[in-house]
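Below is one structure. I have some questions about it.
Chain IDs A, B, C, D and E follow the sequence of writing; residue 1 opens each chain.
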Amino acid sequence: MTETTGEPNSGSAVPDGAGAQEPADRPLVELRDLRVHFPIKRGVLLDRTVGWVYAVDGVSLRIDRGSTYGLVGESGCGKSTLGKTVLRLEKPSSGSIVLDGTDMSRVSGEPLRRMRRRMQMVFQDTLSSLDPRQSVESLLVEGLRAHGMDEGRGRTERRLRELLSAVGLPASALRRYPHEFSGGQRQRVGIARALAVEPELVVADEPVSALDVSVQAQVLNVLRDLQDEYGLTYLVIAHDLAVVRHVADRVGVMYLGGLVEEADSDELYERPLHPYTRALLSAVPVPDPEVEDSRERILLSGDLPSPADPPAGCPFQTRCPWRQPGVCDVERPEPRELGEGHRVACHYAESIRDGALPGGSAGTVE
Amino acid sequence: VQSQREGDGGRTMVFGAAGAPALFDPFYASDGETFRVTRQMMEGLVGFEPGTAEVEPALAESWESSEDGTEWTFQLREGVEFHDGTEFDADAVCANFERWYNQTGPGQNAALSYYWIETFGGFASDDDPSLYSSCETPDQSTAVLELTRPSSKFPDALGLDSFSIQSPTAMEEYGADEVTARGSSFEYSEYAKQHPTGTGPFEFDSYDESNQSIVLRRNEDYWGEKAELDRLVFKIIPDESVRKQELLSGGIDGYDFPNPADISGLRDQGFDVQVRDPFNILYLGISQRSNPALRDLRVREALARAVDKENLVEANMPDGAEPAELFYPDSVDGYPEDVTKYPHDPQRAKQLLREAGHQDLTIEFWWPTQVTRPYMPDPRGIFNALSGDLEEAGINVEPVSKPWNGGYISDVNQGKAEVFLLGWTGDYNSPDNFIGTFFGSTQNQFYTEPAPWGGELAERLEAADGEADPAAREEMYTEINRSLKSEYLPAIPLAHSPPAIVTSSEVEGLVTSPLTAERFAPVSLRQ
Amino acid sequence: MALLQVRDLSVRFVRKQEPTVSAVDGVSFDVQAGRTVGLVGESGCGKSVTSLAIMGLLPGRGTEVSGSVRLDGDELLRLPRRELDRRRGRDMSMVFQDPLTSLNPVVPIGVQISEVMERHRGMSRRVARGEAAKLLERVGIPDPGRRLKEYSHQLSGGMRQRALIAMALACEPRVLVADEPTTALDVTIQAQILNLLRELVAETGTALIMITHDLGVVAGTCDEVNVLYAGRIVESAERHELFAGPRHPYTAGLMASVPRLDTPRGNRLAPISGSVEDNIPWEDGCAFSPRCSRALPRCSERTPEIEPIEAGRWLRCHNPIEEHARNTERPHD
Amino acid sequence: MLRYTVRRLGQLVIVAVVLSILLFGWLRALPGGPVSALLGERATEESRAQLVEQLGLNQPLHVQYWKFVQRAVTGDFGVSTGVQPGTPAMEVFLQRMPATLELSVLALLLAVVVGVPLGYFAGRRQGGWLDNLSITWSLIGVAVPVFFLAFLLKYVFAIELGALPASGRQEVSIDATHATGFYVLDGMLTGEWDAAWNAFLHLLLPAAALSTIPFAVIFRITRASVLDVLEEDFVRTARSKGLGARVIRGRHVLRNAMLPVVTTIGLQTGALLSGAVLTEQVFNITGIGQALSLGFQRQDYAVLQVVILATAMVYVLVNLVVDLTYAAIDPRLRER
Amino acid sequence: MVPGTQRGKRIDELAESGSDGSAGISLAASAWRRLRRSPTFLLGAGIIAAFVLLALVSPLLAQHDPALRLLEDQVSRADNSIPEPQGDFPLGGDQYGRPLLSRLLLGSQQTLLVALTATVLGLGGGLTLGILAGAFGGWVDTVVMRVVDVLLSVPSLLLAVSIGALFQQQSRFTVIIAVATVQIPIFGRLLRGTMLAQRASDHVLAARALGVKQRSVVFRHMLPNALGPVVVQATLMLAVAIIDAAALSFLGLGAADTSTPEWGQMLGSAQNFFDTHPHLAFWPAGCIIVVALGFTLVGESLRDALDPKKRR
């Protein structure tokens, strides 16, 4: 895989969807140096921009067709913003989002609306993401109608039933309203709505974090079944590393607006290289007393810095047990490829991996 | 609360006034609220006999006019001083006349010098002819007023409050003539605001604007009978019902123009309600301007017959009101009893309309809101009654109502209102003050310009006003009045309604005036 | 005798015009000093209500509490209000789930901590302030002098939770109830807080009641675990025992539902079917039976009783998982 | 905080400018106009034209507006024609403001002093008799037209019972010194205690009438907000700490419950000023409310301009102060 | 074990059982359920229903033409007499000799008309402003909100009086416009707030993500969900409108033509008779108070019922 960060984000480099016939190796989604900055506005008479929230700050990644990309990270690190920007629900400040050869960052208005058919979203909050005043039927039909896929009563009806059974809901659900369902069922409705327009890409922003474990497992299974059935491509955002590991083929770890580590799922969990990933993995509780009693924990001190005022240099330096003065606080590490498809943004990733750098144990207990 | 007042001897009387006086210099004023206050502090050469509209000597002990009525010689009262100690003499009198005549700038505006313009016409520095010619002082107790022509207004007009004689020294000292236009109104002089100085039984004490009260105190050096009260306070209470309640709860000792509806109740509660002799007129005005049907005398007669004055007076007018036949009360000169009358007769009205070819006549009937006037205590009620009457006679009424100051007055005065409610309160006892004002011009509310008789009427009025011989003049007015009812019928006189004044039973000695020009000097408070 | 004895605790919410909710139904367990007892279960199973009942914090009107909660032998449920107020915050205190809403937004952190000590330890304001600073230091908040003057919104999530813990520890309570103390936090912060709690229990011998829905947290912190379902304890065991071999199908189902970091990736999860909402009332049989894969006809006819099955282990099931079958019940296919 | 204040003051300027333009245009659009007010029923076409000329009312609107602005920045809004004819409008406003302030402050005080504690106790014992009683009272209070209530109060207490004065601000014959224009304060400053007492008695009935709506609103907001706060987690935390009832009530419940109440109090100044227009008329209080209604009746442009503009400014300012107070109570807002 | 089939069956059953209304109850339905039992609501709704019914059937009930001075001969200004209650006229006449009862009855119509039209107009204006500001944001929002700020910075009655004074001729229409104008900024502000909240909500984001057209997002998703508080406010505003209209009449800005009676106007014109014939004021005042109370009660209970915090 080529490094994409260094490349100028020129749209012309991307061939038009019309010309190229889906080269097998072309990723469905490719983000290049994506930045989303929110202005902080303040002013006496008229609002002026006094600063920026660097919600997403230079993320490059690619998601292969039919695969699942998992995004993890702490609260506020910009996962949702990234997800929304991929769907062009937020406007990128710079960088490009290439969906199947089309540079989405330049599309807007009606063409963008039409593009939406190809990419959909599943939300975390199952209740608030469904319009309480619309029956499931109208929720589902709406998407079809918006994209002219509403072809006559009978066919639409059939399509809806098909959708519901795909997500494991009875046909009788059509005439009911969102509040009449349990959390897990609502999430299924949300998934059905996303699938109604036959998208290629589904961004799922914390699709299961609001659910009880048993229901969470049901929904995760549904997601997976659907992927198998329709060949969907997922971008799954979650803070639960175990969930991400379970669903994702490839995982990216975000910290303060940037991607600090990215690798195939097994690789990442087996050989985490970035200090933050290591701390994260060591903090996830495992439902097994034996493991819990014996594991080594890397406890971080301090909290996530504000994305409006990120530290100079490495964003993780404020909490990093391996922090080296003079380097980490000066230069921001760029993601480097260490091993196949394993990219890490840390100056000392190799040394940490090899245990060559002291300090890591400072916050370690047991 | 009452005890507070008794504390200082019960010699303070508080009278409820409806509005704030604009200023205390009566020359620039034309409103009753101002005059009510200045009248207590100032006097003119002539005055009006208490209880009547008859002229009596005031600062002039006597007067006589020349044969042709253009030279008036006033014999001045001696030993009179203004409140500031200045001697009252012929120089002071002429100084006042000269001041009035020599107004400049804003002072020439009818909004300020209304009565001068009405009575004397123009000023020294403008082109309008003036009745005033000069003022001479043969000696200090004689003032001679030269006029350019005779006028029926004399000498009564000199009894107007605007022509009160004020202290020349004080006016000089406080710049009485310094009136400036500012924004949408006028800013008055220091004199007019704080130092009004006359010869009257009360002198100015203070005006508390934040509490809206004006305090006058007794002039201890008054030349005549001194005032009984130590202090006379005017408390400004704009709302009619509040005035009543204030009286009921003892906050004030009296107020003017009680709502007719309240009169009997107030009497029942032991208050002293005095009804003045009527000196006003309410009429149903007709404009000759826009609706051509109204130019037909038969139509106007139909209106006159449609109206039920008796019922109107009974249901909407206060005690003592009476239906009117002419445009002024019978106490004014030149009032013939034998005029054409148009008794209430809807059938005849319908017939007249048919004859005139206006079977389905539609008229715009204008009436004012946000106002009550002594001659019109309840405009809405009067309108309701009259429009009912008109409808009964088959006339379609399109009501038009506007706020008094919010367009009614200005539109009516331009003759825009086809049929309207309006009236007049006399300033002094002269037919000219009534019908001269109404029909002396052809381009006012009645807009008699297009009527064949409009110019004729105006000329006859002018001739009568210029007649020096009182007897001949009276005869001329009598004839005009007859014609007004029989030939012209430019409007329909409706009623004279006497304004009442109410005081608590402790108030004694208040003599009412048909001109609503009461003087409080003889008033006392019973302990 | 155990430090805290909960016996047959039941809480019913009686509402006008609405069916009575039996939120907690005959819950019994003991907590020894220096030990941590966990209460786990899905949302709505009655964990919070149990903890609030122990603390006497349930709303007064429309709530019926029965059973007994004894602290050192004293019956808490029948303590007069004043007496209860004297003990709450001193002998027993509580840490809540959401640290943001559980702190008063308009009162400085310092005041909120020191007011407990002023109240229960009769300290003067100044002394209490000093103690508060020490407490903050102890729970790992740097620069306590400054933080004391700050307000909850000025602290990060982790710090808020520490402040709440500091507050709960102010009078060195003998029983600490922690209701989902880390659910609102990020994993790295959660690890810090759990570590803090573990240390505290170890150092002060406080008895900790740990309420959570996260089996991982239970596995890492508790000595004994009570699994709640629909207001009743369905299984209760020592931690290692429980995780080694859950006997109740519900417990087993929970464990099978969780994707784990330490098992091979790519397996399908084996969730419990349905959701909490399809409970039937316990009176009509086993509340779990509609969702249970091992349900027998009698499960929906007779309500199972909780019974001891071995030392320190209790179970409420007609058809428990055989001990030898433990491993075959792990997720497959 | 400072920045926030500056920002809000900036908004005040915008409101002032926009409002002055609106007002100017609006006043010119009113039927009638100052000419009618000055000349009355005796006006003639001629005198009318002369006056229009003299007052410069025939100039183009933008010229008039510019002149108006030039004078307005010096505080000169022209001379009153109807309310207190001859007095500069600004003076009319300044003379009358204290009366309205006195009245509104007392009314607000009554509303707060009664409404807040009542709201608290009603909220504490939701559904209790006190709760039901005060809710009923507050609901009826809102439904009764203010002027009707004012009439009723006056009729009963001043006229039938004679217990309190029927109208005005002070007995005129008391001859009190009026240094500040706040009569009660004046009396206390100069030691004329009877005058202060008299002025206070005059305030009671109108303040009672005026306070009904603010009372109802403040009561309800307090009650609702107490109910909300009682449900808050931090109150549960406070209880779990075994704190005494007084501390819980004061520090934890009331302090938080007061936040929306404070905002409401600010918003109620609007209602107070509206109510003052009615109450002052009924009780003949020479305040700006009366100036307004008279100004409308008598087409007093100058006074209307000042009063509306100033009232709006006061309203905006009061709300600024309220918001700052809010920020003072609520640390979450301090950093703005 | 085959979880899939088991699950499907269970959910089917659940879905069936949910439709009988016991499983979940919508916001509106649960609000309604609570409303039905709330004595406040029932009282208020009863009052309103009676009022509306009265307004509808009043032409049948009223025995006399309210504009006719049927008892004029019994009116005398001189001794301040007003027709006493008598045979056909149970409440007697007003100060012009018109039948008081008929006026009261028919007054309900006009009162309802004024309140309803004013509120509908105010609501319409407010909706427009609110939609503009809330749905489009940006500078539209800024401009609209500045105007609203200015309007809100003028105390309500003042604003109403100002608007009322603008009209050449006073009529019921003037009152309606004046009262409506006061409501516009209030509704606008309120709606903007709820619209902004909706704009940030997930389900609107979801609709956008689905590619639903902007107009449809605004009118199908944002608006209906933002209307709850507005409906509550509108109910309360009906009460306010009635009272405001009465206040305008009191200040002399009411309808000039009294041939069609209206309560506020009746009350306004009765003020001079307050101490001599208090019943002239008490009847319309009583009606106004009761009806205003009705609307307030309903509004308040609606607000309570729609409050998500109180929802179960």
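As a convention for this text, a contact is a pair of C-beta atoms (placed from the backbone, for glycine too) under 8 Å apart; a residue touches a chain by one contact, two chains touch by 3 or more.
The chain list, named the UniProt way, goes like this: A = Oligopeptide/dipeptide ABC transporter ATP-binding protein; C = Peptide/nickel transport system ATP-binding protein; D, E = Peptide/nickel transport system permease protein.
What you see is a predicted model, and the numbers here were worked out from it, not measured in a lab.
*Asks:* Tell me which chains count as touching both chain B and chain E.
*Replies:* D
*Asks:* Going by the touch criterion at the top, tell me which pair is linked by more C-beta contacts: B-D or D-E.
*Replies:* Between the two chain pairs, B-D has more contacting C-beta pairs.
*Asks:* If you average the CA atoms of chain D and of chain E, how far apart do the two points sit, in angstrom?
*Replies:* 25
*Asks:* So what's the Cα centroid distance for chain C and chain D, whole Å?
*Replies:* 54
*Asks:* Roughly how far is chain A from chain E, centre to centre by C-alpha average, rounded to an integer in Å?
*Replies:* Between these chains, centre-to-centre, one finds 48 Å.
*Asks:* Indicate the residues of chain C shared as contacts by at least two other chains.
*Replies:* 270-271, 273, 277
*Asks:* Quick check on chain A: which residues sit in contact with 2+ other chains?
*Replies:* 182, 185, 218
*Asks:* For chain B, give me the residues that contact two or more of the other chains.
*Replies:* Within chain B, the residues that touch at least two other chains are 245, 248, 370, 402-403, 406-407.
*Asks:* For the complex, which residues does chain D have touching chain E?
*Replies:* 11, 14-15, 18-19, 22, 26, 29-31, 139-140, 142-148, 151, 155, 159, 228, 231, 269-271, 273-275, 277-278, 281, 292-293, 296-297, 308, 311-312, 315-316
*Asks:* Mind pulling up the chain A residues that touch chain E in the complex?
*Replies:* Counting only chain A, the residues touching chain E are 46, 84, 87, 89, 113-117, 119-121, 123-125, 128-134, 142-143, 146-147, 168-170, 172-173, 175-177, 179-182, 185, 190, 193, 197, 218.
*Asks:* List the residues on chain D that touch chain C in their complex, please.
*Replies:* For chain D paired with chain C, touching residues are 232-234, 236-244, 247, 251-252, 255-256, 259, 329-332.
*Asks:* Going by the contact rule at the top, pick out the chain B residues touching chain D in the complex.
*Replies:* Answer in residue numbers: 1, 4-5, 8, 12, 14, 20-23, 30-31, 105-106, 108-111, 114, 117-118, 181-188, 192-193, 208-213, 215, 231, 233, 235-239, 242, 245-246, 248-251, 370, 402-403, 405-410, 413-414, 422, 437, 441, 443-444.
*Asks:* Which bits of chain D are touching chain B when the two form their complex?
*Replies:* These residues of chain D touch chain B: 30-48, 50-51, 54-57, 68, 71, 76-89, 91-92, 95-96, 98-99, 154-155, 158-159, 162, 165-174, 178, 181, 183, 194, 198, 201, 281-284, 286, 290, 294, 297-299, 301-302.
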